[in-house]
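Heads up, the next two complexes both have subunit A, just with different partners, subunit B and then subunit C.
== the complex of A and B ==
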């Protein structure tokens, strides 16, 4: 009997010892990422405003900016684009290797890390996530990104911590594809996926306990129409230089503030700690109080937004919209577009519309895009003489009142539509109107409500010219394939082309197809440089200007490193901390 | 009882009519919720087509109306495209905040305007009357928007009031007293904007009603009988003026509601206003229709209450042919 007890005791001791050793090993095996920022202090709350309320925390359906701003703070991706360096860096995948042909990527995952609900993360979660994103019936926007241009992706688990991605054709920016494609917790979403209710999962009314992610924060509470508060994820997989687990902040609160101006006011009064997207007018207003109110504003230089004038070159207007079809004879004349471009005073636009906080543009890539800017694109100053010569050589003449007419004697008059809610683009339209008046062209500016504006440009094609802007989500040219390919869904100047309508569009098609499979960066850069040249010469869109990214933060916010890539300010939210005053 | 039923039926008909009209008008607006995505180079046309089909946007209008009506019967009031949630779930939490604001401001505006109106009517054409009438005229000419903005500037300059929202970010951690204080600090400005905006209208109606009532022969004779002034005012004249005031009460709900939507947007009050505005701009159809229906419901309900009050207070209506 006594011996039995002794045996049991020994056995118990062994088991506990083994268990203890195992947990210790598991803890030691937790592969964390060390950051290089300043070592900070724990605690505090960060408040930031949003112009509209987040609609969902579901990574599969979130498409609007406010939802993504909140959701991405709660989730993580495999390979991440560093917003400051604009290059990829390890995230949930601690390292990866690509096969020589660029068709196979093996990603090694961090071991021992956990979701914000404490459940372990492994290759099954990754495989599940990509199964969801690539599922035709789920229709996630990520799918369009992943399988763009007839790409096919398959995902396999090689072992619990290695995942292999196979591509049908090489993709020069394959690593960048992983950015913002977040890894979903299989244990929480598998049921909804199989029930076909994934689209409704993780709405804002879902109890916080049922939502989890691998991001630095997790949902704490939601007050409809007012605020969303996230709390620190205690399991987050990054540590600082002294091995303190990040994030430092206890909470982030997103306040809904209905307008751009109100956002500036709330920042000025100190209600919010960071402001992300200031316009130049509010920047000037807030700049005055920087000292007395204890905040700092920063001008990060031009972002990735390019604003342009677009002429309607769509083919489907004939017969249906005779008046527009008649004017398209001018718009299709490249010398006409070049004359318009030559007549526009871009530096004036930057000075007046953006109060100098912007940059004139002659092609689609802005100076903020360090990796892809073609610095050889000519930047001619405004020249009315050159514009007049171009028009003359294209057969346009001036009547005795100085009004421009075409070879049929028709006066050259057209309208520019723009979105009334974007006051800067409206101002650009008005300045173009004045510039063109000096060439004897009569332009009328038509403000339209945003969605009716979009309807005209993308659906009915009932417009003559438009002022609009696009913002590239990444510095890489790949996400813009649909803008430049003649068959692309955002090939705005001529939508739904069956085959390239012009030789230069054919050339762009070829260059874009080529650059996507060219793995060598300098060779690829050369191809995209040529695209920029064609855009600058042929002017399918007449690029005008790019506004600077303007942000602000309280003075004592540590590690604040805003960048020109979306989301500008909170991309390193895990490192932000409050310095003692 | 028959009167009440008739009124209820009338209200229901108004609601159905408004639902049909708002359905039609919302369709007239160019563009739709998914237009926005067409500009996103990363969303394919197939995805957009699928989403449209999922929400039934590719169906004919009558079919969509029937579907919507069915979802109303289920208590969902249609689905929001943006939130992927039933509209009823979305709207109710905001409507509460709007009601809190409108009901408090209605009560406050009446509490101030009735004594003020009586005071002015009693001292007709004397100094007290002239000053209050001039003040109310001045207020009446100031648009609600300007009023709200002016108050907002006051908040920023003085730092005494919150410059928007309903609660502070640390609200959840506050004690009960601090919570009440916090809401009050946020509540004051929108409330002031609404009360100042509606007060002059109420005040002028009360004053006019009282002047009319004071001129009645019955009141004149009561005065001649030496009945004390306060008793004349509150016991005889006020009930005589009540009829028009009660009708105004029903009407005032509508005025307040529309003013409240505007003030809410300016002051970031988390009510129906900001939500409706966003939904209209985003073409989130069923949210727009839901918010319009709810506002109509408040209006109809307000008028119904007024009708019932009139019925109770005035025997003439009870006996009338209507």
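== the complex of A and C ==
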């Protein structure tokens, strides 16, 4: 009897040991990522506002900001750009190696991790995802990013947890290409892809069980026109320093709030917990009762947005738009553009338009871009005398009323268009109008509805000058290629050039092409520094100012680390937690 | 208050307002487009009579403003130097009745500034802009009303006097005009205008657009009066003596419409002022930097301005006496001229 008991005990011990070993092995197999943030507490809900309703949760069709804001919380990418350090870091790929020629990247994937529906993730999902993105018939926005500049990418599975990407030519920022290209679950989307219905999949009315991703949250419910709620993904692949599985929060709710002002009011009254992209006026307004209302606001310094004055230098106006073509003779004169630049009081603009929460700019790279800013770009203060000298040397004269005329005696007058919905850019236009009036140039400011504004600038070219801005999703120069290459789709001042219209545009083309294939950072920086110099000298666009990124959060939100890169606040949503009050 | 006294007050009030906007160049201390960028959103300047030492002055003076170094649009008075308010000072150039002038009603020695109604986001003097802006808004009301009333008069009298086929056609046209969604049509018209139009051209286009919109209602009223007047015995008698159509209209019929005409004018002018204010508020009126009450109020669409800078509401407050004045006048004319005789 005793022996029996002993046997049973031994047997039990063995079984328990074996089971324990097995679970241990299973746990070891699940290759989780450890985060370095403060160890938090589970529970709670985060509420954030959106200016419009998300349209879809489908990564292939989500192109609008609200959809992306929600979708990226439910999905994950292979290599991620850390929004705070602005450098790449491992995500679903735990490590990677590049071949010496920079043409081959082998990505090793995390083993044993699962989608939010519990299904395992492996190389097949990655290969499937890239097959989808690169498929011409799918028309995904990712395709434009991946194959921009005639880059050809092929994707191969080497083993269940290794994927090899082959590029047709080296790309200095290849690792950064993977950011925000999310991995799709093959088991859920393969059928829709083969049926050609992928575009319609994963709308907001799809039952939550049929949507899955590798992000920290998954869809819980959707109330049309009001809100979208996401819940914690129990299979998420990140843990904190004490091996607690992230995320901490139970739920995130996205509220639809119609306007910028309404967003600020909802945050002020405590209806929402976090606010991104505050404008400086509302920032000042909310700052007044920071103490009493229990939230904190942060000024993160200039972001990546650059606002500029654009002169129409398009060639296709000749004959078609004679009045604009006549004025283009002034705009094409570099001294005229330099005079305009010298006459603009950038510090006044920063003070009045951004209430001091912004930075004056003389070229396209802002101070927020730590890696690529050329600090040697001269920053001359406003000088009307210099502007007058430049105009005089370019053959302009003043009549007895002080109005500026060209060498044909024609008075220099032009209009500046801007989008009426952007009050800050309208304000910039009105201040430029006053500044140029001091040179005897008569400028009229024309507010246009956003779509007709864009149509004039990009399609019909029926404008004289414009105030607009561009924002980058990344600090790297590569996404800027389409702005600076003379063949680029966003080469705004002269679209659709067959060949570079000026020697300096030719030089920019060469520099930009060279920087892509230059793998060494200092050498690459030198090339892009030169591009900034050319922009500051030749002024294809006259850069004016960059607003600070202004955000706010409830005081007791832990691990809140906003950054100047989009999405500013929720990039580390898995680490956010509520501190006990 | 007796009726007569109210009418008298209304007339005096309106004459004062129109006088003030006609003399805007003289009464306003600054050029309305001048941006004093050191003083965005400065509050209304306080007039002092007692200085820092506590002694009383017989004439008002002001202190300069020091912008707060930390907070945007916050100011402190600089008590170290007082600027007395001066009368008939020389300042920004303007033109009055075709003469070029520099003399202003009041002003302050440099480097002081006087902003009786504060400044806007560019540091432009609200008081000066209110006066100059009234020019656009009130004159737009007057001219547009004149335009639509003369159109209405012409169509209404022709229609009522000749009757028959002419009457039918014109009245269908009137109905068509009454049924149109005007606000949206105005949006469309504004969108088709060329980009580079001077503020003067923009103003006249605005006036023509608002004026041509509203002729249908007065036309119908005048037609009614003409229709009944034409059958009066003395008109028939005059016709019997061989009077021409034109003579009959001018001598016997149109004078009958005077009551309707004036009442309509008193009703339409404030309506058109409001139309200008609405269109400019929505950015469809005269463009910056020319002020009008509508585009001055346009900035209030931004929450922070509405919440922080109460003096930006001034143009809305001025609209109240204007409307009241015209309302009283319209009532009076209605009773007196249409039923009074």
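FYI, the second predicted complex is superposed on the first by the 557 of 581 C-alpha atoms of A that agree within 3 Å, B and C clash if a C-alpha of one lies under 4 Å from a C-alpha of the other, contacts with A are read in each partner's own complex, and residues count from 1 in each chain.
Going forward, a residue touches a chain if its C-beta (ideal position, glycine included) is under 8 Å from a C-beta of that chain, and two chains touch if they have at least 3 such contacts.
For clarity, every value in this text was computed on a predicted model and none was experimentally measured.
K.L.:
On the A-aligned overlay, A:82 touches which partner chain: subunit B = first, subunit C = second, or both, or neither?
P.N.:
Neither partner.
K.L.:
Which holds for A:446: it touches subunit B only (first), subunit C only (second), both, or neither?
P.N.:
After superposition on chain A, A:446 lies in contact with subunit C alone.
K.L.:
After lining up the shared chain so the two structures overlap, which partner does A:144 touch, if you call subunit B first and subunit C second: first, second, both or neither?
P.N.:
Only subunit B is touched by A:144; subunit C is not.
K.L.:
Going by the contact rule set out at the top, does A:430 touch subunit B (first), subunit C (second), both, or neither?
P.N.:
Only subunit C; A:430 stays clear of subunit B.
K.L.:
Touching A:119, do we find subunit B (first), subunit C (second), both, or neither?
P.N.:
In the superposition, A:119 contacts neither subunit B nor subunit C.
K.L.:
Considering only the touch criterion stated at the top, classify A:47 as touching first (subunit B), second (subunit C), both, or neither.
P.N.:
It touches subunit B, and subunit C stays clear.
K.L.:
A:420 contacts which: subunit B (first), subunit C (second), both, neither?
P.N.:
In the superposition, A:420 contacts subunit C only.
K.L.:
Could you say whether A:265 touches subunit B, subunit C, both of them, or neither, answering first, second, both or neither?
P.N.:
Touch status of A:265: both partners.
K.L.:
Who wins on subunit A residues touched, subunit B or subunit C?
P.N.:
Higher number of touched subunit A residues: B.
K.L.:
Looking at the overlay, what does A:454 touch: subunit B (first), subunit C (second), both, or neither?
P.N.:
In the superposition, A:454 touches subunit B alone.
K.L.:
Can you list the residues of subunit A that meet both subunit B and subunit C?
P.N.:
On subunit A, the residues that contact subunit B in one structure and subunit C in the other are 265, 449, 452.
K.L.:
Inside the complex, what are the residues of subunit A that reach subunit C?
P.N.:
261, 264-265, 280-282, 284-285, 345, 348, 351-352, 355-356, 413-415, 417, 420, 423, 427, 430-431, 433-434, 444-447, 449, 452, 462-464
K.L.:
Using the touch definition up top, name the residues of subunit B that touch subunit A in the complex.
P.N.:
That would be residues 29-32, 35-45, 47, 50-51, 54, 82-85, 89-90, 93-94, 97, 152, 155-156, 159, 162-167, 169-170, 172, 265-266, 268, 270-271, 274-275, 277-278, 281-283 of subunit B.
K.L.:
Show which residues of subunit C lie in contact with subunit A when the two form their complex.
P.N.:
Residues 33, 35, 37, 40, 71-73, 121-123, 191, 195-199, 283, 287-289, 302-305, 307-308 of subunit C touch subunit A in their complex.
K.L.:
Within the complex, which stretch of subunit A touches subunit B?
P.N.:
Those in contact with subunit B are residues 45, 47, 52-53, 55-56, 58, 61, 63-64, 139, 141, 143-145, 148, 199-200, 203-205, 221, 223-227, 229, 253, 255-259, 262, 265-266, 268-269, 271, 421, 449-456, 458-459, 470, 473, 479-483, 488-490.
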